[in-house]
Every structure is written in C-alpha cells, then in structure tokens.
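Some structures to go through are shown next.
In the two assemblies presented below, subunit A is common to both, partnered first by subunit B and then by subunit C.
After this line comes the complex of A and B, so read on.
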C-alpha cells in the first residue's frame, strides 16, 4: 500500500467554511450582487448564492475563490479575513470619531435672486432682520472650534453671503486667530453676481474657495435663476472667469440643480461645464423642501424621470471620456468611492449613521443651529424638528446632545431600519432622516415608497451592471473612485 | 382583488414572509395567518392593479420569500460579528463623560 493519498483525495473536496456577514440583492434575471460588511461586491448566479449559503459551494470553483478573496467566507486558509474586514470597517467609520468637520455659517438670508426652487432666501433690504450679527458669529466660531476635528471647514452660505461680506471677513480673521492648531479652510457659496476685486484679493490672501451655481446654458440658467436684470448667467460666467484669474482654476467649483427646464437638456448642460473648463459636474436633483415644494418645482419630476436624465448624462460623460476628454460625474464618483475604497467621503445624504450634526452643522443668521442645510430648509416650512438650539443661549453640550439630533441619528441608522438592514447597497447609501421626515413625517419612512430609496437603488444597480458589461467603464469608474486622482 | 398564497410553516418562517411582504408594501396590503403548519397570506390589491401586474407582483413576492429565507440563514450564521461598529461613533467627541 502506498504511503501517499490518491489524487482523488485532494480533488473537489468540499472544504468546511464559515460565512462572513454579507447581503445580497437581485440584479435581474439570474444575477445577484453580494456585498460584504466593507461594501466590496461581487456578482454571482442564484445557484452559486444558494450553494454558498447552504455550504455546498465547491472549494475548487471560481466562485469559491472569489468569495473567499473578497471576505464573504472564511476557511482554514483565510483566518485573517475577519481581521482584514475589521480594518476596512474601522477605516470606513473612523471619520465618525472626528465628529463635525463642516460648519455652515448663514451670514445673510438676503438675496438679489428670486429662484423658484430656492429653499430659503429673502428679497429684503432689512439688514438687521436677516443678517448674522457679530455676536452670533462669535458664539458660532466658539462652537465650531470645540469640534474634536483637526480639520474644520467653514462654508459661508445665504441667501447671498456676499451681501454681508464684512462679516465674512470678520469670521475668517477671528477663527484663524482663535483656531490654535486646527486646520481651518473656507468656502463661499455664492451666485457671484456681487463678486469684485476687493473680495477676491481677500479670498486669495486667505485661500478661500468659491462654490457657485451654474444650471446650464444661458436660457436654462436665467429661467431657473431670475434676478432684476435677467442676467444671472452673465454674472455667473463673468464671475467664474474673474475668480479664476485671482484664485486659480481649481479654486472655483460649480453646482447645478435639475429643474423641469433642465429635463431633455443634460448634454447641453454638460457642454456648458466643459466650455468653462470644469472637470466634472454634479447632476443634482431637487430636494422636497422650502420654495421647491411651495412653488411645485419639486413635483415637476419623480425618481424615474430624474433617473432618465441622470443616465443620459452619465452615458454622455462616459462617451466623452472614451474620446479622451477627462470629465466626471461627482455623485457617481462619491458612490464609487464608497464601493471601491474604505474612505468615507462625508457626503451627508449618503451617510449612515446619518451625517446630520456629525458631518455638518448650520449656524443660521439668527443664531439658531440646525443639524444640516436641509434641516434649516424644513424649518423655513415651519418644521423645527431639527433645530438644535441657539448659539446665544445654548452650550455645545446642549446643542450636540439634544435629542433632536441624537434621536433621528439613532432611529434612522440603516443597520436597524426595515429593508435597509438587509439591503446589499447599505454600505453605499445613507439614512437621510431629514428627507424622510420632510416627506413622511418620521425619520425612516417606508422604503418601498421612498423616492430617495428608489433613486439611489436604481443608480447602484445601474453602475454595477454597467461595470460588469463594459471593461472600459469599469476601468473609468475605478479611476473615479479615487477622489484626488 | 384578493389573492391567497399558502406557505409551508415547516419550511418558511413568519419573519421571512413578513420581510418579503414589507418590500411590496407599495403594491399590496397583506394579512398573514400562521396556523402552525401553514402560513396563509391574503394579498389585497388596489382596484387599479391589472391582472398581469397582479401576476408579476405575486411572482415577485414568492421569489422574495425565498431570498428572505436565505437572508435568515446568513443572519443566523453571522450574527456575532456585526456589533463592533457603533462604539467608534462618539468615541472622540468629548461628549461622553467618565462615570
């Protein structure tokens, strides 16, 4: 008798393996996407999924090897899988312990535009009533600097913040003086109509970035964004060019909002961004808040219509890249970063636990503090569910331990929300209690009825299928997953 | 319009059926009765739902019950590894005082 085992002994032996936590979702037909705790994904057939769960998967199969490599199962060869998964998870959630990094200062609610989808602004000359005071600014700076985060970003918003530029100057100088070893950066979100050399010289001196609005070509932009002389577009593009002369091309970014006027024109909108040498675009749907609801602009399109718009835009951008024109869609990039890396990009809508208060907080012109920009928009509709206190009377502890912040974060945490807790895309998605409260009057909502859920699920499935079918797209998307690449 | 579907209670749990039904909450209302050996589901559709839609929603529901059954098995086997995450959330905020 031989001292060696026969070849059959080693062949097709079913190894004992243990499952690691994972979720799955049907992609249509016989294909399923499986995602592990860190958000890594694979596509497998229904049979392979069934075999995996029933411990019938053959250890020599390609599925077994792939699933083991991506930490869906562990066997005697891969005891390190649990540790690797833990490290990836820890990296992903490490941003939470930094707490609030983005501090939004609403220095004035006044605006010279009267956009129908605008959430908050007022057309008024009453500076006392609608501008932030120095006292409110001082108290807000104190709170911002209490954040444990080493990196603090202060974003000036409005209304039109440049209507209260003197206060912006004050806040920049005061926060730098009082900031100690914090790295403080600044952004002004402005329509650029009031930009001038004096402002830009100050911005250059203090490395202040500019974020503006560009809704597309002249006709779309000016229809979306009415102002007295009907020249919002002209002001924006002149402002973009002037700001770039002083601050450099990378210091000026633009955002668009999709309205009914935008539908059917996504290519022209993207072309406009290319014309002004932007490196990408954020195809952004309207939110169900403020004037967008009151003026029925929000109701102009649903998740399906928006998805068509987004898909057409994304396909156009993919084709541009195929032709050698480097350009990206930023919402897609955010999702892809979550899919392919352990980085948390800190985009409030796509965070769970929710990013309200944790990733961003808003100090309103009158001293009231809101858990997010959308929270103050809800408040403008009379819903103060996310008003955390007032800087003039409340302490840091009062504000950040307020049940109005902690309850929605806890209740909406996707790990314990029906449907989200079993959803394969949970790692890419967010809790967004403010959206769901705005629509359903509770922090969770019924996900099968949620436009937020529908819109994002469609995108996740589309991106995964698109990569699966086209190696070029996969390579392109993997490059978009690197935010600074 | 009402459709009745019966599942074997020895094969499927009430939980799996409830979770599957939740995913279709926007398509039909459901009443679930478990008599120990069978789980009887009565699905009520809106008057505007067409016959072909009903057929597709019922098929979808049955497939979803199978998926939920798999999810249950995964959950049972992997429950212990899940809860390591939240501790990180407020760890460095300075908001948690020492006892």
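After this line comes the complex of A and C, so read on.
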C-alpha cells in the first residue's frame, strides 16, 4: 500500500533540475573533479556528487549555484546552458573545417648525428637513395596547396634537412610562386650543426623559422646526441646564437627529449634553456618508435618515472615565475588551453579526433605519404598502417580519403572510445591512434595498460589539484592557457 | 558639480513650446541659420536681431529684447557650440556640452528592470518626447564630436524607433562613436538584432550589465525574472551579427561574492565581447534606499577585485576599472585603472588634499562624497 503516492504528490510535484552531460573522476580523499561537455571543471565532494546525480542537491547550496553557472545542470531559472555549451563545442571543433595546416617535408633521411633515441635517420652519403627528389617535392607541394586551409605551414625535417638545403630553397620558392592567396610559412627542424650565413640570409628573406634540439647542458646533450667530433652541443648553441642574429630572438625555438641521462637533471636542463633566453621548454618524453625501442632507451623509464621528472620541472618553473622570471612549460600550456578555453591548439598527440592527416601530414623523402611524423617512424619498424599512398602515384583524394586515414580517425575518436568516453579528462586528451597501434596493434589499445593514458591522466589530475588551493598558480596557469598571450 | 538645468528669468517669450538652440557668442551669423542659435549677450551693445533666443548671466535690465533669458550664474559654463533647451516658462536644460568628452543623452525613464542600485529610478510614464528631442538634438551636435552616449531607462523599449535613432546618428554624425546603455534583453529577439545590425553604424557599442554568473542572483539584482537568459541571448545575438558589446559590472555587496566566477563565466562563454568595465557604486537613486544590502567598503574587496581583473586580463579581455580611488585598490589593478573624466565623477575629500597621486586618481562620484565612501581613504605622501 505504502508504495503508492498520494494525489498530493502528483499535484505538488516540484520542478526538478535536469542534468546536462558531465563526467567525473576521483581526486583522492573525498574530492571529485567534475567536467562538463566543454571541459570546464569544478571540484566537489562525494556527497555533493551523489546528491547531484540523485536529483537531491539543494537548490540553495553553493554547489548547486556553481554547478548551474558552469552548465552541469539546468532548471526553470535558466535554459541558456545548452546554447552556450553548443557554442563552446562548435568553437573547439571548428578547427576541423580548416583541415591540414602542417605539411612536413622530409627532404633527406641522412644525418651526421647518430642519436640512440632517434626515430629515423641514416648515416649515409647516398644522396640518390635518401634525399627527396625535385619531382617528389613538386608533387608534394601540389598536394599541400590543395589543402582547404588558408594558412599552410611547411616544416622541413630529416634526418638533417640542411644536408639537402638546395631542395629546401627550391620548395620555398616554388610553393610561394604557386601558393596563390594562401599564407605559407616555413620552419626548418635542424640540429644546426650545418647552419651558415648563406642559409640564414635565405631564411631571413623568406621569414623561415628555426626549430632545433637542445637536450640540456653540454654533458647531457652530447651524451644524448653523438656526432663524429662529439660537439653537438657546441654546434647547437653557436647555431642558436648565429640564427638569432639573423632572424631575431623569437624565430629560433628548441625541443628537448628526455632520456635516462636526463632523469634527475630537470633543473639543469631548464637552466640551460634560461641561459639561452628561451621563454619556455617542452618537457618531452621518449616515444616508443624507431631506435628508441631497438636500443631499449624507451624502456629506460615508465610513466611514473616520467611523471616525477615532469613534476619536478614544473614546480621549478612555477617557482621561477614567482621570482618574476616568465617561463612556461609548453606541454602544460597545451593542456591548460584545453582546460580553460574552447580553443584547439592543434598539437597532434593531444587531439581528438586525432590530428593525423587532418592537422599534419608527412611527405617522406621517397614520396610516401604518412599520416603523421610518428606514422613514418612506425613504418621504419615495419608497421605501414599509416602509409597513405605515394605522391608519385596517388591523387589528393586517394590519399586524404584513404580508409587507412579515415578508419583510425573514426575508430580512435575519444568521445566514443570505451573508457575514454566516460573519462572526466576526455576533453583535455588526445586519441593518438599511432601510439596505440605501435604498442597494441590496434588504434585504441587497452587504456588501463596504455602509458599514454597513464602519463596524461596523472598530469591532468596533478594540474587540477595544483591550482585548486593556490591562487597564484591558478592565475599563472590561466595565463599559460592563452596560446597567443 | 555642474548645474545642468536652471530657471531663467525671461521677459518677452515669443515661442510656445520647448525648443533647442545652439549657444553662440558670435555676432553676424548668416540669416539663414541665425534662428537655430541662442546668442550669448555680453551687453546690449552687441545685440543683434534674428537669433532664436538671447541668453545672459548678468542682471541686465529689460530693454525690450524678445526671447531673452537671464540664466543663473551657475550655468555660465555654457560655451560656443553647446546645445540647450528652453521652455517658454524659462526652464533651461544643458543637453550637450561641446567641451565635454562624455555627453550622455537620456532617452527614457521607462525600464523593464528595477535594479537595486539604479541611479536613475524608472518611471512608468510616456516620456517619448525625450526621444523626439534626441532626434532633433542630433541635427545640432557638431559633426566633429568624438562620442555621445544614449542612456535610460531602457532605450531599446522604443523598438524600431530606437533603431531609427541609431540610423539617424549614423547619417547626421558619421564620425561620432556611440555608446548605448541597455540591458540587452531586446536583442534576444534575433529579428530586432538583425535590424539593429542593418543600420550598419560604424562605431556603436551596446553596454550591457551582467551582475552574476548565477542567473538567480543576476535576476535578483535587476529585479526581473528571466532577465539573465534574455540578456545572455542578446549578447550572443549581437556578436552573431558582429556588433560591439561591452559588459558592465557594478561592484557591490550583491555582486562581489561571485565577481571572480562571473569574470570566469565571461571568459569562458562570452570571450568575444569587446570590453569589460568593472565599476564602483554610485550613491544615487535606489542605492541610498538599499544601502544596507549594497554597501561594501572597496578596501574590503580589493583582493577580489585583483583576482577578477587577473582572470579577465589572463584571457586577453580588454578590461577597465572605473570609479575607484587609488588608495583602495592593489597595484596589480593599476594597468586597468581608468580615471573617469565625467564632470560628476571627479570629486575629492579632505584626505585627498595632501595626496601626491591626486591628479592620477579618479576620485569620487559627487554622490559618494556626499553620502558614503570608503573608510580607508588616505593620502599617498
């Protein structure tokens, strides 16, 4: 009998709130982070979370007001949340309509370095075999210019691209001539050992940026990056200074790779970046590709060890900022942009749908086209899953409508992938089908076993907790979230 | 503080309804335009026939000049190019002052909000003559004027007639920027917004208040249910049509509590607005009646103000802080601090006399000086 409600119950039915899509994750103790459809987050207690989902949250509580203002729930007071959420989501995904903006040209696979973690390079003088031909370059330029994106960035990679500088010159001039109304910009990714004035004069004339490698202080850098005279570091820092004299201080950026040698030395590495007036550093873990796997350098540390290294570095950088030294960690910045804004920064590893092919594409020295830089590294290991065709044979449509590109993008889309779809951090994370195919032989992998997942989850949680009770860090992180500030 | 209206002693008035005139000291204007001007008499010696009206500040005795008005001496700021209205009764209003950078034209006292701190309490009477007068005024304002403001009440309650005013502003004053103070709700009608955009005014900003990220709190402050959603929708619609929007937040006890969250809300949801203005409380109108619910000493909220400004500036939002005194804000607010230059906003109290920063400081609203200001005002020496 008592299971039946009185007629009063139906008469007086109070208007309830409705839940909007959201996800949550335990932050330890009694605290949970909840994230809405647009990636905005709040930290609430377990009790509040339980009350929220049971429609028992008191509408006069602070949690209720916060959750309503951040679009986790909607009630008869306000219905605008859906409109605002949809705008934010549209903004985030609007970058997709631009399609491929970054076009990587591997102008030579040859290199005078022999780094054990290198993904792809050859010590060889065989230019015919390992340099890109003019014909391949021509076809690749045509493909790059077919991209609907108005802004095209051409990045020269290797091996060491400066070993084939003549072709770089050819590609810059030809793409400018044929580029029509596109804005074309250029980057050379080089170890700078071969840089000289002639090259820099050309770079200056065509506003070409330089991206180089700097792994840290001399001992670490030279151990990581062996070359015949053991002077990779000296060449790099001389090159940085020379390039800046021609191109300006901000036209030269540097990337570091973390090896076993780097562990325990994150402060010295950061200090090295400060010494050369860089505005930030990208603390980058090794990827399980190429020689890194073969030489077991990749196995040297796992996600936990990496996290410790990263965290120590990040804390050091936060302290530097407190002392008035403006300096950023760029991987953190990329994540913070996703946490605090609706902008998509376009960092391929942290995109979902994956950025392979549709944000960046690689034209290899031999004309083969790869869906990303990592894809060609996978191919070097015998996994051709992301080889999309060859510029000498295939059309633009063949390549960019190839199921070898579209299938992994669709299958790995984190919003629909098991475990990712319910993950509170889906909006901050990436799909990375290449990594997962490399490790698990499918585009998705098993997330609990995925180092990619572990590494990023740890960072997301750390960042959210880190700024929760430290207003200075929150303000700093908010400013890092602005890619253009 | 300027006296913007007064009663003149008038002698022989030849017109029978309120009329607008441009003030001039110049004799010998062409007869084709003379009637538009009120001639400022020094003495009877420079009297000349044909002007629409004659004004003077001294006690000149009657000389048989028609339409001659003796204005109170407090109005002797009136200068060449200013526009005044004169009623046959002798009531004079200063409507436009050429030397002021901030001329605001009141369009109506009607409003669909009833804000706790309204400085211009709404009246539910037909005052559409104000709009008619504004339309006429647009023909008299000098074309080189940099900026004028339209305020209310709620100007958009006029609907299409408001659009007519914006259109006329563009036609008559093509180089003058316009600031409109509106609650933005009318723009939740996409059709109205489309028509507004179609006026294609080159530089018109709609200044719209958002008092909280919490809809209930915003609705409470403006005393109108459902206002929040309509205002937000209005802003979205305006930006859909690429119109300029400024968000205005008056800081008081009811808005300070969620000021940081409100700024975060703006940064996440309305990042595309052109400007956010954070403003101190004016001690006018309803504010004095609701003072207990509204008053918080700016000194007490200075850290919250810093944090709110920090959020907006992190996101690169163009931000300004108005109507605060330099001695009650933190230094990190200084880059966004604006010294207002309106006549009724630059008053100082005794403590200010010794202050070396006085010339950089915005000072007080006249009303604040009179009724309530921070207990922590002290001279920087």
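Here is the rule we use: the second predicted complex is superposed on the first by the 470 of 485 C-alpha atoms of A that agree within 3 Å, B and C clash if a C-alpha of one lies under 4 Å from a C-alpha of the other, contacts with A are read in each partner's own complex, and residues count from 1 in each chain.
As a working rule, a residue touches a chain if its C-beta (ideal position, glycine included) is under 8 Å from a C-beta of that chain, and two chains touch if they have at least 3 such contacts.
In this text the structure is predicted, and so the values were computed from the model without any measurement.
With both structures placed on the common chain, the touch criterion links A:325 to neither subunit B nor subunit C. By the touch criterion stated above, A:479 is placed in contact with subunit C alone, subunit B being left untouched.
Of the two partner chains, neither subunit B nor subunit C is touched by A:201. Contact with neither subunit B nor subunit C is seen for A:392 once the two complexes are overlaid on the shared chain.
Of the two partner chains placed by the overlay, only subunit B lies in contact with A:20; subunit C stays clear of it. Once the two complexes are laid over each other on the shared chain, residue contacts for A:87 go to subunit C alone; subunit B is not touched. When both complexes are overlaid on chain A, the residue A:173 reaches neither subunit B nor subunit C.
Comparing the two complexes, no residue of subunit A contacts subunit B in one case and subunit C in the other. For subunit A in complex with subunit B, the residues that touch the partner chain are 18-24, 26, 37, 49-50, 53-54, 82, 86, 89-90, 93-94, 96-99, 146, 148, 353, 358, 397, 400-401, 413, 415, 418-419, 422, 446, 448-449. Subunit B meets subunit A in the complex at residues 19, 22-27, 63, 67-68, 70-71, 73-74, 77-78, 81-82, 84-86, 88-95.
Residues 213-217, 219, 228-229, 232-233, 236, 258, 261, 265, 267-269, 271, 307, 310-311, 314-316 of subunit C touch subunit A in their complex. Subunit A contributes residues 38, 40, 65-66, 68-70, 77-80, 83-84, 87-88, 340-342, 471, 475, 478-479, 481-482, 484-485 to its touches with subunit C in the complex.
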